[in-house]
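Take a look at the structures listed below.
Two complexes come next, and they have one chain in common, chain A, joined by chain B in the first and chain C in the second.
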Partner chain A sequence: MAELIKVIINGQDFQVEKGARLIDACRENGYSIASFCYYADLALQASCRMCLVRIEKMPKLQTSCTITCTDGMVVTTESEEIEKARRGMVEFLLANHPLDCPVCDRGGECELQEMVFDWGDLEERFTERKNYAPEKFLSPVVANDSQRCILCKRCTRVCDEWMGEDAIEAGGRGAHTVIGTYGGWLNCSQCGNCIEVCPTGTLLDATYRHQTRPWELSRTTSTCSFCSDGCQLSVGSRRGEVMRVVARDRYVNGHNGEFLCIKGRFAHPFVNHEERLRTPLVRYKKGGRLVPTTWEEAVRFAAQKLQEVKDAHGGSAIGVVGSPRLTNESNWALLRFARDVLGTDKYTASEAFSLAPFFENLSAPLATHKDIRHAKTIVLIGGEPEELQPLTGKQVRQAVRNGGAKLVIFNSVPIRLKEQAAQFVHIRPGSEDAVVLALASPGDAEVAASKLGVEADEIGKASQIISETAGDVVLMFGGELSAEAQSVVAQLPAAFGEKEGRRFLLHPLPLFNNSVGVHDLGLMNGALNPLEILDAAGSEVRALYVAGGFLPAHLEGREGALSRLDFLAVQELFLTETAEAADVIFPAASFAETDGTFTNSDGLVQRVRQSIPPVHQSKPDWAITSQLASALGTDLGFQMSSSNIFLDIAHGVPAYEGLRYPLLKDESKPVQVKHALAGRRDVTAQLAELRRALESLDENAEKITETPPVGHELFKLGVLTSKVPQFHLLAAGNPEPESVLVSPLYQITLDPGLRREAAAGD
Partner chain B sequence: MSIITEVIENTRAIIKGMMTTVSYIPREKWTVQYPDEPVTLQPRFRGQHLLHVDELGREKCVACYLCAAACPSDCIYIVAADDPRPAEERTGVDERYAKVYNIDYGRCIFCGFCVEACPKDAITHGYNFELSVYSRADLLKTKDDLLITKQKQSPNYRVAFSDEDVDSEYKEV
Partner chain C sequence: MSQQFTPNNPLPQEAKVPPKMAVFPPEVEAEIERHLAKYPVKRSAILPLMFIVQRERGGYLDPPGVAYLADRLGVRITDIWEVATFYSMINTEPVGRYHFQICRTLSCKILGAGKITEQCTKRLGIKPGETNDDGTFSLSEVECLGSCGTAPMMQIGFDYYENLTTEKVDELIEKCKSGELSNGVR
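Right after this comes the complex of A and B.
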């Protein structure tokens, strides 16, 4: 607990923490203070002058957003003088602000509107001509109306401090200052956070532009369905259509604050996309056509076929494949289906890599994103969070920039985050495992260093930073690590030992929204992994029941596998590569149409809530599974309610014990599951394996010297992102259109052949 | 009461009523002979809405949804859209226009709040009041029924001049 000091606000004594900012102190104690430019956790700006207060013994009114409370400070927040100053400021802010609220997309949730309501005058005394500039586009997803700007510079600060992009800046002088970009076109990661934090309608969501108005939307707090960061967001829908996704703090208060990345914010149009599967489809004869049918018929046919395979070859000839995209509830239903209905141990999830070895040897708690922000040392082995887990990237950047943390990066690619690093160790491609070995056993460091292609003392230096840390050390690792290396990383905290004041936290960087969830439920502990299941297709595995599709990476080189099956049932949103090979396709509901939970990379279980009714005839994945189970004669006992399934999970999975939906209600207090800590384990076998692997590393491998461009992963087209026209433009290199006054979508015709597959298969 | 007094009472009542009726016959007639003759409407009469256009024929509505927000019976439905064409070719006066604009006259209570709310003077009450239809679904009027350039006006009314006194209710008879 920090030291308390006394502050007198409006004649009343208050105890506040030493070092507290005056504006926060006043607000916490019930005195509202107007502000535009103040934004917690961003550098101070003090340009709007709305937060003026009178402080005794100080000349003139002071901006409370820049003042740190001192003992015995006497503050007045309400007086005639202050009101006059505020009214004057609002009048100035409006001097050049157009009166176009009816066509402004921010109208109805605009901070300037609210401020004018409180502090504005009915009459305008300025009679001069206002500055005029037409509304224009800064990128396929960001629109800009420069005349509405009040120059609070929240946008430029988030762009710089959160995203490290510095893509948007103020230019010009005096009354002609406008927010703009270098060269007029934004070539950044297109996160749209500048749009989110803008208090006015200056920066606008170009995908939602002129679509509807904020009060027309019903808002549902939910969890992002793309990466493993699990951002909390608010889905705005109208008449069964998802119109936009925001994280504005008046609607949702998740661990990500107002942060979202391009996928979370702009990739939602897949939900109502016209290519969504409409009805169940059945292929009665191999090689025949897929015909639309009713749910009853599709379920009957699938049950009959599965029963036939079961009777002929036994239940274990049927494989069940879940997906790290689906909710815990849907995956649990699949697992129960595999175990209780089919009696097979061939279940898995279409996951890029398994975290099982990591969790088995876990010797320190998982770091939440808040922990990352306040960590003192962050070690990143492999991975590229700015592209694959953007919130983690932002937290790391802020930890360094605003929190003074030391960042140590081991990567074969000079990723953008290295600009923030205290130490960047540029290793050879594919040698991430060797880094783990060198950190865990200093005796091997020298050999490893030569194989990694780094100076001998670089690893020692990194180890030293870790051991000298007072505070939190967060160890992060990407998907490059082998199973053995994962086990060793999980044991690294134990290897470094205890030190007063230092705490180790671990943070895996899986690719999907529910990667940790599928692992927790035990779906990854089946007899075969996705690749092995595909390899066994037609021999050991005669039939498959797949929820979601296999990743492109799984199917590569195994194209024929699915057609060797006697029977394939798939539940999907779109006719994907996996679905095309299916004998029965069930249309599944997307994250916006189901209730459930996702577990993110912090181990936070967060609610997914239904925002719109299932589109067309689709059904939630777990509902399809239980229907199929009933047709096979087993009632899974879910009574068609996702909360019942979650109850079942809480009973069946130790880490989720005691959790219920009502406990997950408040997104601002996320609940972390209790992953069992393994304590100190013997990892000599794994270390030996790593040493063996080290031998075979090529000492002459070329290093990758080029920093990959922004968006090389983020903008890639996958099953979901390819449904968003703007992503096609970005994937094609974000060409600047002829005229910025009209959306580039209307101006640039795209080559349909530019489809690229995302690493995460989004 | 005996039957005789009852007969006398009733007869007197009938005679009294008939005398009133008969006394009105020679007086001036006030009944409006609608629809044979057009009715005269007050200038501020609130009839079917009109969506207005500017001098170039572009719709004035910018799809701000304020009318829908103000509507107490929730009968206005709008779908806003973007019109990327150059200003002269646009459907509306602004880049933003109403792709769909429906009023459900099954619900409208002709309160005029939408007109009050409109920042663009795009919607007003017209004088058309003949809204009866054979099917309830036909009470849903779309932009094609509401636009001033498209709405068919009934021949059965005329609008009073503002200084014209048409209010028979308050007339000395």
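Right after this comes the complex of A and C.
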């Protein structure tokens, strides 16, 4: 407990924590203070002067956002003098403002608008000509109307401090200062956080521009369906269409605040994309065509076919494949289907890598993103969070920049986070396992270092940083680690032992929104993994029931596998590679159309809420599965309600025991599942295996010296992101359009000649 | 509108070409080193370096010059842009050989800066913010140059010309045209 001091606000005594910021102290105790530029956890700006208060014994009014409370401070937050000052400030802020709220996308949810309601006067005394600048595009996703700017510089601070990009800044001076970028075209990761934090209509979502007014949207709080960070977001929809996605209000959102990345914020148009599957499709004869049909017929046909295979070869000849993209509920329904309906042990999820060895040996709790922000030491082995788990990337960066944490990176690629690293150990490609070995067993450090291609003492230095930490140590690792290395990482806390004041936390970096969920449910513990299932297709596995489709990486080199099956049923959003090979396709509902939960990389179970009715004839995955189960004669007992399934999960999965939807209601208090801790395990076998693997490492392998360009993962065209035109522009190198006064998309679509030319980058 | 961007018809993948960086002769590099050595933090040398790069790159910070500065100072190009656009002495667009920078702040304004600007415009055929066709002259209005006691005044390059009158302006322009006057770039 921090030391308490006394502060007198408006004549009343309050106990506040020593070191508290005055503006926070006032607000927490019920006195509202106007502010624009103050933003918790960002560098102080003190440029808007809305937060003025009177502090006894200080000359003039003071900006409460920059004052640290001291013992006995006497503060007045409301008086005629303060009101006059605030009204004066608002008048200044509006001096150059175009007052065009009726045509502004922010109108209705604009902080400036609200502030003017509170502190503005009806009459303008400035009669001079206002600065004029046309509205323009700063990138395919960011639109900019510089006249509305009040120069609070929230945008430039999040760009720098959160994203480490420093892509936008304030240029010019005085009344002519504008927010912009060198050359006028943004080449950044396009996170759109500058749009989110802007209190005015200056920076706008270019994809949502002039589409609708904020008050016409129904807003649904949900969880992002892309990476394992699991950001909370608010889906704005109108008449069954998702119009935009924004982050949750920073005051209520305990997880990601107002942060989102490009995928979370701008990739939502896949939901209402015209290529979404519309009806169930059936291929009656191998080699025949897929024909649209009714749900009854498709389910009947699928059930009949599955029954035939089951009768001929037994239930275990049928494989069931879930997906780390789907909700826990949908995956649980699949698991129940595999076990209770088919009686097969050949179930899995189309996951890039399994975390089973990690969780089996888990010797410390999982780090939440909040823990990461306040950690004292962060060790990152492999991975590239700034591209693959952007919120994690941001938390790490802030931990270092705003929290003074020490970051140790072991990576074969000089990733961008390296800028924040206290120690960057540049290893050879493919040698991540050796790092784990060296950290766990100092005796091997020297040999490992030579294989890694680093100075012998680098490992020792890193170990020392970890040993000396007072506070939290977060160990993070990417998908590069082998099963053995995962086990050893999970046991590293035990290897370092107990120390007063130091706490170890672990943080895996899986790739998908529900990677941890599919693991928790036990879907990854089936007899075969996705690759083995594909390899067994046509022999041991005669039929497959797949929800969500295999990853391209699974199918690569196994092109014929799916066609060797007697029967393939797929439920999907789009006609993917997996779906194309199917005999029955069920159109599934996307995350915006279903209720459920995702479990993120922190082990937080977070709600996914239905924001629009399922598009066309699609249905939630779990509903399809239980319908199919009924057709096969088993009632899974879900009674068409995802909360019943969650109840079933809570009964069946120990880590989820006692959880219910109502307990997950409040996103300011995210709920972490209780993963069992393994205590100290004997990992000598795994270490021996790592040692063996170490020997075969190539000591002369070339190192990768280029930092990959921003967006090399983020802008990749996947099944979902390829449905969004803006991603195509970005993937093509973000060519600057001829004129930034018109949408780049519009220009490039209109003129195919220009498109080729611009994309060629000349 | 979205049809053209189907996965079957994607835009070609193009690696982004990093902006070319300016290269300077050894004596200029040495000069830059001297400035950098003065500061504990490299980026503090941003202004002196900008003046050098501007001088070497033909009077303004061209993209290769900006790329060089960002790299040399370990900051982003946007940081360079932010500082460069703040100061009227740093040019982000090409300027003429003689850059007339007329003070328009209070003292000068009261004592006739407006007339001086007008005269320049009349004689040179360019308005403030413009450069004439053959690239000899640029005209700008700038804020107080700290020489209020001798207002109205202007700066050509780094050289001050004070207590201006329209006749004096004519004379200066003639001298520039004949190449007699230094352009004040150092």
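The definition used in the following text is that the second predicted complex is superposed on the first by the 743 of 762 C-alpha atoms of A that agree within 3 Å, B and C clash if a C-alpha of one lies under 4 Å from a C-alpha of the other, contacts with A are read in each partner's own complex, and residues count from 1 in each chain.
Just so we're on the same page, contacts are C-beta pairs under 8 Å (C-beta built on N, C-alpha and C of every residue); 3 or more make two chains touch, one makes a residue touch a chain.
These figures come from a predicted structure and were not determined experimentally.
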> After the chain A overlay, clash or fit between chain B and chain C?
Replying inline: fit
> What is the contact status of A:Gly107 with respect to chain B (first) and chain C (second): first, second, both, or neither?
Replying inline: first
> Which of the two partners, first being chain B and second being chain C, lies in contact with A:Ser696: first, second, both, or neither?
Replying inline: neither
>> I'd like to know which partner A:Ala731 touches here: chain B for first, chain C for second, both or neither.
In response: second
>> If we overlay the two complexes on their shared chain A, which of chain B and chain C does A:Asp166 touch? Say first, second, both or neither.
In response: second
>> For A:Glu135, using the defined touch cut-off, is the partner it touches chain B, chain C, both, or neither? Pick first, second, both or neither.
In response: first
>> Rounded to the nearest 10 degrees, how wide is the angle at the Cα centre of chain A between the Cα centres of chain B and chain C?
In response: 80
> According to the contact criterion defined above, which of chain B and chain C contacts more residues of chain A?
Replying inline: C
> First (chain B), second (chain C), both or neither: which does A:Thr749 touch?
Replying inline: second
>> Going by the contact rule set out at the top, does A:Ser539 touch chain B (first), chain C (second), both, or neither?
In response: neither
> Is A:Trp215 contacted by the first partner chain B, the second partner chain C, both or neither?
Replying inline: first
>> After superposing the two complexes on chain A, what is the shortest C-alpha distance between chain B and chain C, in Å?
In response: 12
> Residue overlap on chain A between the chain B contact set and the chain C contact set?
Replying inline: 746
> Considering the complex alone, what residue numbers of chain B touch chain A?
Replying inline: 62-66, 68-69, 79-82, 84, 94-96, 119-120
> Contact residues on chain A for chain B in the complex?
Replying inline: 101-103, 107, 135, 209-213, 215-216, 742-743, 746
> Tell me, which parts of chain C touch chain A in their complex?
Replying inline: 1-2, 4-7, 10-17, 63, 66, 75-82, 85-86
>> For the complex, give me every residue of chain A touching chain C.
In response: 165-173, 180-183, 187, 269, 273-275, 709, 717, 722-723, 725, 728-729, 731-735, 745-746, 749, 752, 755, 759-761
